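To keep things simple, chains are lettered A, B, C and D as they appear, and every chain counts its residues starting from 1.
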Amino acid sequence: MTKIRMGMVGGGPGAFIGPVHRIAAELDGQIALVAGAFSSDAERARAAGAQYRIDPARAYPDLNAMLEVEAARSDGIDFLSIVTPNHLHLPAALAALNSGLPVMSDKPATATLDEALDLRRIVRETGTPYALTYTYSGYPLVREARARIAAGGIGKVRKVVVEYPQGWLAGEASGKQAEWRVDPARSGQGGCIGDIGVHAFHLAEFVTGLTVTELLADLAAVVPGRALDDDCTVLLRFDTGARGVLMASQISVGERNGLRIRVYGEHGGIDWRQESPNALTLHHGDGRTEIIQAGDAALGPDARAATRTPGGHPEGYLEAFANLYRDFARMLRGEPAPLLPGIDDGVRSMAFIATAVDASARRAGWTPLIIPGE
Amino acid sequence: MTKIRMGMVGGGPGAFIGPVHRIAAELDGQIALVAGAFSSDAERARAAGAQYRIDPARAYPDLNAMLEVEAARSDGIDFLSIVTPNHLHLPAALAALNSGLPVMSDKPATATLDEALDLRRIVRETGTPYALTYTYSGYPLVREARARIAAGGIGKVRKVVVEYPQGWLAGEASGKQAEWRVDPARSGQGGCIGDIGVHAFHLAEFVTGLTVTELLADLAAVVPGRALDDDCTVLLRFDTGARGVLMASQISVGERNGLRIRVYGEHGGIDWRQESPNALTLHHGDGRTEIIQAGDAALGPDARAATRTPGGHPEGYLEAFANLYRDFARMLRGEPAPLLPGIDDGVRSMAFIATAVDASARRAGWTPLIIPGE
Amino acid sequence: MTKIRMGMVGGGPGAFIGPVHRIAAELDGQIALVAGAFSSDAERARAAGAQYRIDPARAYPDLNAMLEVEAARSDGIDFLSIVTPNHLHLPAALAALNSGLPVMSDKPATATLDEALDLRRIVRETGTPYALTYTYSGYPLVREARARIAAGGIGKVRKVVVEYPQGWLAGEASGKQAEWRVDPARSGQGGCIGDIGVHAFHLAEFVTGLTVTELLADLAAVVPGRALDDDCTVLLRFDTGARGVLMASQISVGERNGLRIRVYGEHGGIDWRQESPNALTLHHGDGRTEIIQAGDAALGPDARAATRTPGGHPEGYLEAFANLYRDFARMLRGEPAPLLPGIDDGVRSMAFIATAVDASARRAGWTPLIIPGE
Amino acid sequence: MTKIRMGMVGGGPGAFIGPVHRIAAELDGQIALVAGAFSSDAERARAAGAQYRIDPARAYPDLNAMLEVEAARSDGIDFLSIVTPNHLHLPAALAALNSGLPVMSDKPATATLDEALDLRRIVRETGTPYALTYTYSGYPLVREARARIAAGGIGKVRKVVVEYPQGWLAGEASGKQAEWRVDPARSGQGGCIGDIGVHAFHLAEFVTGLTVTELLADLAAVVPGRALDDDCTVLLRFDTGARGVLMASQISVGERNGLRIRVYGEHGGIDWRQESPNALTLHHGDGRTEIIQAGDAALGPDARAATRTPGGHPEGYLEAFANLYRDFARMLRGEPAPLLPGIDDGVRSMAFIATAVDASARRAGWTPLIIPGE
């Protein structure tokens, strides 16, 4: 039972999401980060390697070097974790997949829908495992919500409200994290909608089990001079006719990371907030309001499997993230990991961004969400 | 300092809003209910009069009788409170105003926009005081929010999210309260949007001090067989270009009366929830989150004037309602009551309903909100 | 069905609790304030009468004058409401009761235990109705909690935690409300324990249906120079052996009126907070946490009867207060009002204060709570 | 920059706290679990080793074997993590310390006060690093609270309320976790007070920077037939005269892990709840209530250093635990780790348990908390 060996591309000094992937991957003791192409700058790559405490020889100056050298080692990496800015997702994924190396990619899958379609083709052709970290689907109570809705707990879904307010881009976008997000060259065609709107989109489909088929998008760059959207409202229609409202914003001053989803069915409802992730509110048809918490006896197997501590010991974002890596480890061992987002989720998300951005620009009204090739 | 004498039309046995108006009107000891045309059924009118403990001789079988007899008394009523179903608002208001009697009307002003325009004409011609109970504008912390925004506390408003979820019409509409609300003949052309959407609309304009100039409406009758909308999403544009989302729903199972408004400006934000009305969350531009409560020293004069008890002694819906009646009493005494909703708010609301219902039916996309005659 | 006529003693200009009693008494339209001895200063008495909008002839300079004159009127007062500082409660109550006039008294019953025993004797001898406004027992969900516990909903009670933190006396005690509370001559022997500790004590017995038989008190005057306690912890034992902790404080900076009670039984628990009074948390033995709210279908008859509006329309302190007056009106009509606090609650509370103050001063350890004459 | 190598004693199959220590130790990539004496049963030791994915040769059948073999390896363990039941803490710690191996021990330090004094002697004599996982002191906002109080943010501390309700032992104590906790032979002389009361005790001293000098304890075994306390109330006096109330309970049905601390000073207060650990409520002397959250710009260096993700990305129990291990790694590197609990905290806690258990049994009233040898 040796550990699965992970290589990372991206995640150099100053990065936020690289260390998060490292923690999440290693949290359950099944995976170890052993190599990385953390930066194209050799000095920074070395420094990052030291910080991650890996063998200095395995802190590579670039991805291709890493893939080549690691492939030749008997203890070479078992998969690649991609944590670069969006525009580098595709080449990194292709390089790995084409050499037979599984990929765990930060979201979004790629910078554009066309790229995502390319990627989907390669994933399908190679049959190499590929997964995407739509982190919020890793929370135990999100999985509980999904399971309860799938089991008919609220009846047929009628209405979804998913919102994701943040405030950190309400002013000037400064700092490493902010700058690339407001730059179309590095972020892709979506700003707020690509950065966090897709999380909300994925969560809405994940929790309800439904598919968005039509949307009406109203995106804006509220902060003067901004090239990409920073505030979005998208009305949704699902395949069953259910109605939805998706709101994402990065100019909502004071909001930190306020992802929240409410789903109402014929005879029940659920309410979950990312900032208080260990509780799920259930509205029952007889008027009772119930709060279930991580660790409760009433939880189903998906939620229980996604929890490491007893009730009342809060778990959070890193543990949710780790649940995706645990699922990915299962996938690498050939076990089922049905909740883990994959390339189809990636393509759907990119189609969502592309359709919303385009429809909003044209003030197009209701617009079908079409997934090319489906 | 005798009390102002109130007559009521509507509010017979089984009514919810009649007793609420009675309590609210009398709460501050300035107004007394002394007469009523509570029901067109003489027996029920008498029973209601007894319940309200008024002189049996002043429980009239109909409004015109009341107006005539009371006008002849030296201690006759000083104003009329209208609490009938919507389709009776206009004739009652006209009868009173045309006889020089001030009117305090339950919202909406009338059943249709055309009626509201008629009413506006009469209000203007007669110059008789007329006010509308958009109750939620009476809450102390709503008035505090308005005052802070007006004073520049959050900078220029960029984004408004106002939502009003309820769940009580998720199933069959039964009972006196439900039945007339789903019946176009008694409710008017709006269902949910007319019943509660207008509260959200009024609150958004009231708190921000802005004016909606354009909207995009998506209304639906979700419960099978329903003739009027029971779930609404309306995108808003304000006169300054600020963006808004208004959601109102009566099929959100488990929600009781979840009116909430969030306003985000250039450098601050506010968040208020009707079900916890004594707290207001302030997001400051420097990242601080502050909770202010009714009774706090930091409150401005509008909020202080609207509170009767020290901090920590919760006040609620009836007290908010009473604040409108207290304002109305000021108006009758010739004092300023600038926060009290009047006929122009009534007309705007009816235009909002009419425009939203029509635009949604036509799937019209962005549609100007035009107030006839302005 | 004419209204019950109320006279008030106390409640002059600047008073907080006088207007609260007026609002509460009149809220349900069954009682009207018609006379008062609001102040011993004739000018102030007149001014208060004008503010209350009563007939100037019925704003009396003193209580005895009021009792005499009103007794001679055919429309004289039906009962006396006592809202003076504590040391005047007894003489006012005796004057009324001895003339056959029912009494509704603000708490505590009297300034000392001996006075309370005198009062009990007179109440018993005269048989005249007497009630006490332990306001918090009027909240609908407090009554729901009591009913559920009485019905065995949490099993045998094991543990009670009742706390009542305030912060308004953390600094210098200034202003009309503060000054008499820190003055033994006007407040009695208890400071914080007499002002708010008794509310917590009454609530604990009211909700559980149990009787405190032993206590261990730790009272202190934390603010330098203060003559009366301003921070109290009292350990409780109930007649069944159940354990309790009572905390009351007026030096807890930032706390407004944080009364809260938690009761744990063999297989369930309840949690109620005065500042969010419309929700009650239920812990079920199978691990489920349920939130019930005023207006819910699951509420029992006591809670339903104590609510005036549908779910989601918050009621608060004034409405809870009004529930006591409604009960009192029932009592005056000869109907049962089993939840209304009376003289025995008053005596118990005074014994609680006296025992706690004395035991704490002596550092006495566990001390029986003995009710003289029982 | 190789990793620090950890050996573990205890933590075999079915254990809760062993895996928690493993995750916490490894979370920041500075420490690796490489060896363990997980169970005295050889088969179970092997199974645990496989689960932890360590080299099978380093899953030892007992602690002494591990210490001996590891000492002879060039890559032997750098410290010992003790996660056994309480009665085994002392022998394990002595064995390690006497062989010069630093120790990170789960709390409490030992099973009895005498043992703790022995341990203190050895720690002092050997000078070998020793630390204790009073986990809750690792939360960022607990450290923020401490820093603010130390800096005078609330003035001189007057009152502390620390509570720790749980409900999981309200019924029959069954299961591995419950059984040893109610058994004096394995748990020591304290039940609830030793299991969780000490956390509350440590937190109170940690956050305030004060020292408890006197206590009044009221402990009980509420569940029939239980040999150890399961519900405790302890009144506290601090060295400055500040007052405190400590409540710990394991029979509070429905409570999960409700540790909460409130501290009130002359002109401010703080409020923190473990189940919502990423927020800290600040009561300011001017009446403002502020909520600060992990990630806020207003946080001081201790809190910032204890956070891994931006605001709004919840961290929890495992991350707090990891903060202690990160401090411990600093200590091993010879860097200052002033917030890390050590043997003196361990001795104080054991004295607290012993004094409280004894004083409660004797119904002793106020009792000095004396630390032998100080």
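We take it that contacts are C-beta pairs under 8 Å (C-beta built on N, C-alpha and C of every residue); 3 or more make two chains touch, one makes a residue touch a chain.
In this text, all values refer to a predicted model and were calculated from it rather than measured experimentally.
> Report the chain whose mean Cα position is at the greatest distance from that of chain D.
Most remote chain from chain D, centroid-wise, comes out as B.
> Using the touch rule from the top, work out which pair, C-D or B-D, shares more C-beta pairs.
By number of C-beta pairs in contact, C-D is the larger.
> Please report how many Å separate the Cα centroid of chain C from that of chain D, as a whole number.
Centre separation, chain C to chain D: 43 Å.
> Which integer distance in Å separates the CA centroid of chain B from that of chain C?
35
> Distance between chain B and chain D based on Cα centroids, please, to the nearest Å.
It comes to 55 Å between the two C-alpha centres.
> Show the residues in chain A shared as contacts by 2 or more other chains, in ascending order.
Chain A, residues with two or more chain partners: 255, 287, 289, 293.
> Which residues of chain A touch chain D in their complex?
1-3, 16, 19-20, 22-23, 26-30, 33, 50-53, 166, 168, 255-258, 274-278, 293, 295, 308-319
> Which bits of chain A are touching chain C when the two form their complex?
Those residues of chain A that touch chain C are 286-293, 296-298.
> Can you name the residues of chain B that touch chain A in the complex?
The touching residues are 154, 158-159, 161, 163, 165, 167, 170-171, 216, 218, 220, 222, 231, 233, 235, 243, 245, 247, 249, 251-255, 262, 264-269, 271, 281, 283-285, 287, 289, 363, 365-366.
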